[in-house]
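Letters A, B, C, D and E mark the chains in the order given here, with residues in each chain numbered from 1 onward.
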Amino acid sequence: MLSAKQYKSGVKPIWCPGCGHFAVLNAITKAFAALEQAPEDAVLVSGIGCSSRLPAYINSYGFHGVHGRALPVAAGLKVARPDLNVIAMGGDGDGFSIGGNHFLHASRRNVDIVYIVMDNEVYGMTKGQASPTTPASWEHSKLTPHGPEVRPFQPCAIALASGASFIARGYSGDPNGLAHMLFEAVQHPGFAFIQVLSQCPTFCPEQKQWKETVHLEEVCTDDPVKAAAFLHGDDGLSKGIFYRQPRPTWPVEHPDTQPTNLRKSFEI
Amino acid sequence: MLSAKQYKSGVKPIWCPGCGHFAVLNAITKAFAALEQAPEDAVLVSGIGCSSRLPAYINSYGFHGVHGRALPVAAGLKVARPDLNVIAMGGDGDGFSIGGNHFLHASRRNVDIVYIVMDNEVYGMTKGQASPTTPASWEHSKLTPHGPEVRPFQPCAIALASGASFIARGYSGDPNGLAHMLFEAVQHPGFAFIQVLSQCPTFCPEQKQWKETVHLEEVCTDDPVKAAAFLHGDDGLSKGIFYRQPRPTWPVEHPDTQPTNLRKSFEI
Amino acid sequence: MSAGADKKDSPLWLDRAVFLAHSVALEQEAADRMHELAETMAVHNNPALHELLSSLAAHSDSHALDMKALCRNETLPRFKAWEYSWPDDESPEIFHYSSVHYLMSAEDALQSALEVEQSAETFYRDIADNATNPAIKQLAEQFATEEQEHARSIANRLSALKAGFQNDLSKDPDQTDFDPPHTPE
Amino acid sequence: MNNLTIAMVGSGGTGVVTAGEMLLRAAAKLGLYGVLRKTFGPQIRGGESAAIVRLGSEIVTNLSGSVDLLLVLDWSNFQRFADEIPVTESTILIEDKAAGKYPANLPQPQQTLTLDFLGLAKTLGSGHSNLALLGYVTGWLGCTAEITELAIRHRLQKHPQETIELAITVALGGTQLQLEQPIPLKPVLPLPTHASGVNNEQNLWVANGNQLTGLGALEAGIRFVAAYPITPASDVLEWIAGEIESVGGHLVQAEDELAAVNMAIGAGFGGVPAMTATSGPGMALMSEAMGLAVASETPLVVVDVMRGGPSTGIPTKNEQSDFNLAVYGLHGDAPHVVLSSLSISDCHFTAGWAAEIASERQSLVIVLSDQFLGQSSQIMPPTASTGFSANTEQAILAQGEAGEPAPYFRYLDTDSGISPLALPGQPDGMFTADGLEHNAAAIPSPKAADHQQQLAKRLRKLDSLVESPHWAEVHGQGSLLLICWGSLYQVSLEAQTQLRAKGIDISVMGIRLLSPLPLEKIKQAMGQARQTLVIEQNQQGQFAHYLGSFDSQGLGPDQLSFHQYCRPGPALFSPVEIVAQVEKLIDTGMSSC
Amino acid sequence: MNNLTIAMVGSGGTGVVTAGEMLLRAAAKLGLYGVLRKTFGPQIRGGESAAIVRLGSEIVTNLSGSVDLLLVLDWSNFQRFADEIPVTESTILIEDKAAGKYPANLPQPQQTLTLDFLGLAKTLGSGHSNLALLGYVTGWLGCTAEITELAIRHRLQKHPQETIELAITVALGGTQLQLEQPIPLKPVLPLPTHASGVNNEQNLWVANGNQLTGLGALEAGIRFVAAYPITPASDVLEWIAGEIESVGGHLVQAEDELAAVNMAIGAGFGGVPAMTATSGPGMALMSEAMGLAVASETPLVVVDVMRGGPSTGIPTKNEQSDFNLAVYGLHGDAPHVVLSSLSISDCHFTAGWAAEIASERQSLVIVLSDQFLGQSSQIMPPTASTGFSANTEQAILAQGEAGEPAPYFRYLDTDSGISPLALPGQPDGMFTADGLEHNAAAIPSPKAADHQQQLAKRLRKLDSLVESPHWAEVHGQGSLLLICWGSLYQVSLEAQTQLRAKGIDISVMGIRLLSPLPLEKIKQAMGQARQTLVIEQNQQGQFAHYLGSFDSQGLGPDQLSFHQYCRPGPALFSPVEIVAQVEKLIDTGMSSC
């Protein structure tokens, strides 16, 4: 049995002091400790971004791929190697902007993986441009001088509409609560999505407020209609497990599949 | 004033007899007639698929792009040329599989275009593989011999969660109703999404049943919570305008923008 | 979405111009749809069906012309496509898309043509039965009779065709599809 | 004449392609060899179509470029196929009475016979003139009623019993008609010695290149396939989908090509040999992730069944114009392997080799197949087992001091360039694979020394591939060397035979290993020939430019000197076309492109 | 010595990069020329960083590759910059007392001075030793207090007044210190004749290549830009975002590069000149859509600010390794234009030219810039107006019979290869643009004749570009021709000067038009030289291979004979490195790569 600390790889994070991603790192180590995760049997798969640097900091296998593609890499890996605990992760830019399509299809395909999005409502790595979750009026990026002027992306509502079977929102100010969600998510059969409000003090110092505004909502339901009503009215700052409804995971195994002679069909 | 018929280009559709896409073609010509659309001021933008062949059949400008990218082409065109009536269109494969990400972001960006998806729950053009909207147990594609075994994509629920401000579902068996929706959609400011149940008699002969099972639902609301509750319980065979809530379109114009000397900022 | 569902105050029974506008549209749409299907068969290189459907379309054209001639001196209201009061989603004399298939035979085509003529007849008959305006009533009766006539002539063609099958087997009893789909893009 | 090209042309729903498939199978049962090429109008189904069947007493791998026997059920829209079915004066034409008007601008064939296939079918209670035509041809070929029947039964196995019986009746009616009104041509096709008709059928296969690509991949151990449909690659994926579960693997239909290629990378990272198949537009989308496979050193096989380009282009026709994208289409310096399949049956071999290389070298391997190879069916002897095996070798992790695991260097700079690879699940091998530049320990690094080490290592690990005996097929000996790749190889071999008949000996080289290019071997062969002609099916001479780019820039004695001939699709290359180019080069010393 | 390289190195939060920016501006106000290069550790912010400022009395466009004056506020992690800041025995070192231990493996510099910048700052009530250092250096350079103050005020303009005042106080404290403990080196930098300090400042600009790319694009008429952030291209987009609305255009931040490029295509189809900017991974994703621009003949400009590859590679450093992707990375035969920017200021010219070509030829134009050009700031005279104009010429539609519009052939086969283009909104020009192969009337067609016509047309329309005088910059005359492209051009010019000082005359050619390649012009220049050396910054010699691929395969008299030198990033090329290669080639007749 390893302690949480023993799940750190020893590679030093490049993150800014105060970055919320540290909390996610700690939540993972704590959840792994609680799960008694064998380090060699977990794989952390990420895209590109500050958040996507996380896998290297954990004492397990990791795959730091290209921008936006953590989910397909993770799904391919899990389908090929169902014995592994596969956790995909990345940022809001990685997951909801360039990677949005995979998010939809991973939610509906329901391969048994966990997906953690460290949502700081900004592209940290590329110096603070607006991400899909940035408030419409946030004017701090030169790329969108009037603010993005676009309705922010609603990750949990979209996950629900797409068919995710486990939907939760955590907060970097509460790593223990997050560790607990992750503990549950890993054990949930199928695609489990956790949005983490993970502050970026460097580009969004206003996120310090989250400490006051994030609130726990004990609304967990297995009814999509109820969940939809909640999530479409939600202020985006509630935390909790919102929806949980296990359904068959992919791939469905077909036990009657017999080894066949691959060459048979060519015979005349 | 042109008659509906005069909006046909004279290029002969390659579609199979009985293909639902004919109905969409007719609905467009009827809506154009009602809108007294100047042919040179409309542009139909599509991706790749049987459905995406439509623009060439209409007497207006058209852009037959690559698979899955009708929406960004249409958005770029509309932002650059706000004087045009830009209608994006394509199939369920084009729009929800490879093009899924653009669907999300077009919904939230709210550029003033219409998007028609001719949803036949199949990839017609490539010979009948499962699309995102194919029923999980549909076993007629060699690529997914047990059926896709994946929960079908819910276009309207996803459009809503993504922020589309006009959401409707039409049916190819009802081209007049569809023409009406399109008439409304064109006049709706912002992104208007119409899913059309458009039968593919060639690969999904079972869709003939739609004639019996599609039903009108007069549930149109401007309340996202209500719409979400309806769409998350919906059987996918209701038709009607479900949601309509105009909100500011993109780009937001900033009238105070002054012509500046581009070179000024370089001076020391 | 059609307004025909609510029968009580159907404008078709009350307003002659509205009624005539429907009659013109009914014939025109029938002809347009038939041409479209005929063209489709041409594109699919099915000359037999192309010919048959074209001939049916030509008949519809002439019915439409007759109807327009009849209304030559009237000012008819202009309706948007969805503003007509059809009893169903589409005008009654139109081939529904789900009744069409590239493998359809001449018999199928004639059978459908017969059905839509009959549905047009029913449409007019219904108006004739319900209209209080005598002018409408009379016209509807007249049109119903004409549709009945069209239906009869198609029924004749159909039974001739069927008889022909019995005699020379010109109808293909074997609907096997030997034409596998392929992938143009 | 020991081979024969038969083209059948029909209209919407007449089913000539089905008849073509039955004809090929009947010929196979007769012990003949042959190739079937299908071609269609723009409609999804029900449009005009054509089947071109070339039969021979020895192996037939490609089309001849001419038509001996043209069978027409419908003349309308014949011009769609004019590029592919060249009617000449020597063509013999059999047309159905109901076929319509002979096209005005077509040359008059040698002989024409107008028969009433449709009438015959109708008499027998069917509308399927294609079956009457089939029986007419199989009868003429010498098929027994039993063979024709078996061919029909095989093709229609999923149809109701009456349909099958009626089909047989009509076909045999056609056979009967042939006795009364024979084709004015004798099918002088001696049966191949190894076969004697129906009893020996087990010895032959009917398969297309896409299926054989699938077979090669699965036999070599590919166990994960990610799929996004695209013409003409879909049937690689569809064939695999039907078989992969039976060998314990999985196929996932992905949401797009970006997902497909990244899924395959994920599986490959997990140590499960993985591939995807696509065509030009899809491979373009995969470019970024292919670079990731290169940088992270993850095994990956990508099959590109090429079609006409650019953009959506001509999706159903043949072209070899994705060469540039395959070889050069990645950003950064990204060495990887590019192979080409040299025949329909070679799709099997090349796919197997690709799978083996990818695993063995932890690298990206792109296989270029093409629409002709992929979608044409061939009668062939069963392909031999390739013996390739995609087994990713797992790192043996050293023990360090005091039983502690020694530090593991995932990207260790080794002599071979191949670094030890630990797989998830392996204790003490934990590392994070990375597309960011990294040092030997897999830690991100922007340092010049690390970058150069890793770049050099990734280049070097492919070097020894050029020593592989599989790098090319070389055939014959002559003063002219004809270099080609992909589906042109078989056409070139036939051109070689034709040239020999004219007294001209050439050697033909079909290159399977396009990148890294076995330059020394090519130079050696060029050195033995007086002239070299490079041919390919694209507009810009992509391969020839590539080959020329290895010229040591005119500075040394070993310059590459060659002529080239290239042209785009959609029309296939014919042996005669190549013969003409060779003769022209020999006569004038000049090539055409 | 008429130029001088100063490197400032600091740790988390010390702000040496800001000091470097102030130094550059102070130098500009002094009338000097210079270049500033910033370099960072892997941390997002607050990590160790370095600013390299090279100043001169004549235009300075690139770095020298050596450091005259090294100013260190913190030694820890100095090794991160070792590739870029080579300390030699002739380096003069000034270190802060608090800088920590001198790195063990560094050569001992000529002279070392240890000063208490931090102490000085603290005395003045600040923690910012970087400002003390700044004032120390500006004082030594000869800046008046006023100039130093202006430079600080400019950089800190958005900060509170007290911050600015304190900063000035600390800096002037540093200037004072310089009087007491001067740098043991004289800044022999004569002021340029055109300038005499602060009064003439309006005549000079400080700009980086990314901004100038934006300026060139907007001035030429680009009015739609689609953006997805990526290092090092983001600031092209960010600069444009701040300006484009004022000229009536729009910038859209897209969801990904696939959207960005397709949005730009949409705008281009609408007749609004459009572009996007990205780097390698993003351009790889754009490959499919770039093919669509080619096939549909839609004007499109794509700027690739290159970084180290493959895959995520080394995002913050320079490399020229996307050449292959830019030139060859499309599927099918897809002719398009590839340009390279030849200096920081040339980014302006080349972007303008790209915009003009794209509109005029209805084509895809890729501009290769790189991280050095894009992100280094330079003091320069204002760039002249380029005069380029991206005006899409609208088709003049012919009248047919009886006033009816004549049929319009969007893809008409013309002599120039450029077909008449109707724009949406234009009556009677209605057509559907298509990536499917089509005929002249824009109707889909798989026919060989149409395919060949359209392919040939699309190739031909670019032909005459090679006649443009802008194809390259050629400088000097000598028996050796040095060919390069991109940011290596300016470095090569400096090498040329150094060689001339050694009595060796060479000519330098910086190629701006990479594709279609002006082969005849290059051959002509090569013919005039005894030897040619091609240099580039990538592993595989991508451009050299490309150039070699045009060799007429040793068959004609016009073979291309050249030597090459290439190596990957991240280290920049230095003039000395090039000089060494040229000398080696002259001495031994051999090149290194």
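Please note the rule applied: contacts are C-beta pairs under 8 Å (C-beta built on N, C-alpha and C of every residue); 3 or more make two chains touch, one makes a residue touch a chain.
Model, not experiment: these values are computed from the prediction.
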Which chains does chain A share as contact partners with chain C?
-> B, D
Decide which interface, C-D or A-E, involves more C-beta pairs in contact, and give its chain pair.
-> C-D
How far is the middle of chain C from the middle of chain E, if each middle is the mean of its Cα atoms, in Å?
-> 68
For chain B paired with chain D, centre-to-centre distance based on mean C-alpha positions, whole Å = 37
What is the distance, in whole Å, between the centres of chain B and chain E, each centre taken as the mean of its C-alpha atoms?
-> 41
Where chain C touches two or more other chains at once, the residues are 41, 43-44, 102, 181-185
Indicate the residues of chain B shared as contacts by at least two other chains.
-> 14-17, 48, 64, 66, 68, 97-98, 100-101, 104-105, 125-127, 132, 202, 251, 254
Among all residues of chain D, those touching at least two other chains are 42-47, 231, 234, 255-256, 258, 281, 288, 291-292, 296, 311-312, 315-316, 434-436, 444
Listing of all chain pairs that touch each other, if any do | A-B, A-D, A-E, B-C, B-D, B-E, C-D, D-E
Report the residues of chain B in contact with chain D in the complex, numbered from low to high.
-> 14-17, 48, 50, 64, 66-68, 97-98, 100, 123-127, 129-130, 132, 141-145, 148, 202
What does chain D use to touch chain A in their complex?
-> 25, 28-29, 154, 201-202, 204-207, 211, 215, 218-219, 223-224, 226, 243, 245-247, 250, 252, 254-256, 258-260, 262-267, 269-272, 274, 288-289, 291-292, 296, 379, 382, 424-436, 443-444
Listed in rising order, chain C residues that touch chain B in their complex are 1-2, 32, 36-37, 39-44, 80-82, 84, 86, 89-90, 96-102, 104, 181-185
Residue ranges of chain A touching chain D (in the complex, touch as defined) = 9, 11, 38-41, 43-45, 55-56, 59-66, 68-69, 71-81, 83-84, 101-102, 104-105, 251, 254, 257-260, 262-263, 265-268
So, in the complex, the side of chain D touching chain C is made of residues 11-15, 17-19, 38, 40-49, 74, 76-77, 100, 122-123, 125-128, 130-131, 156, 159, 162-163, 166-167, 231-232, 234, 312, 315-316
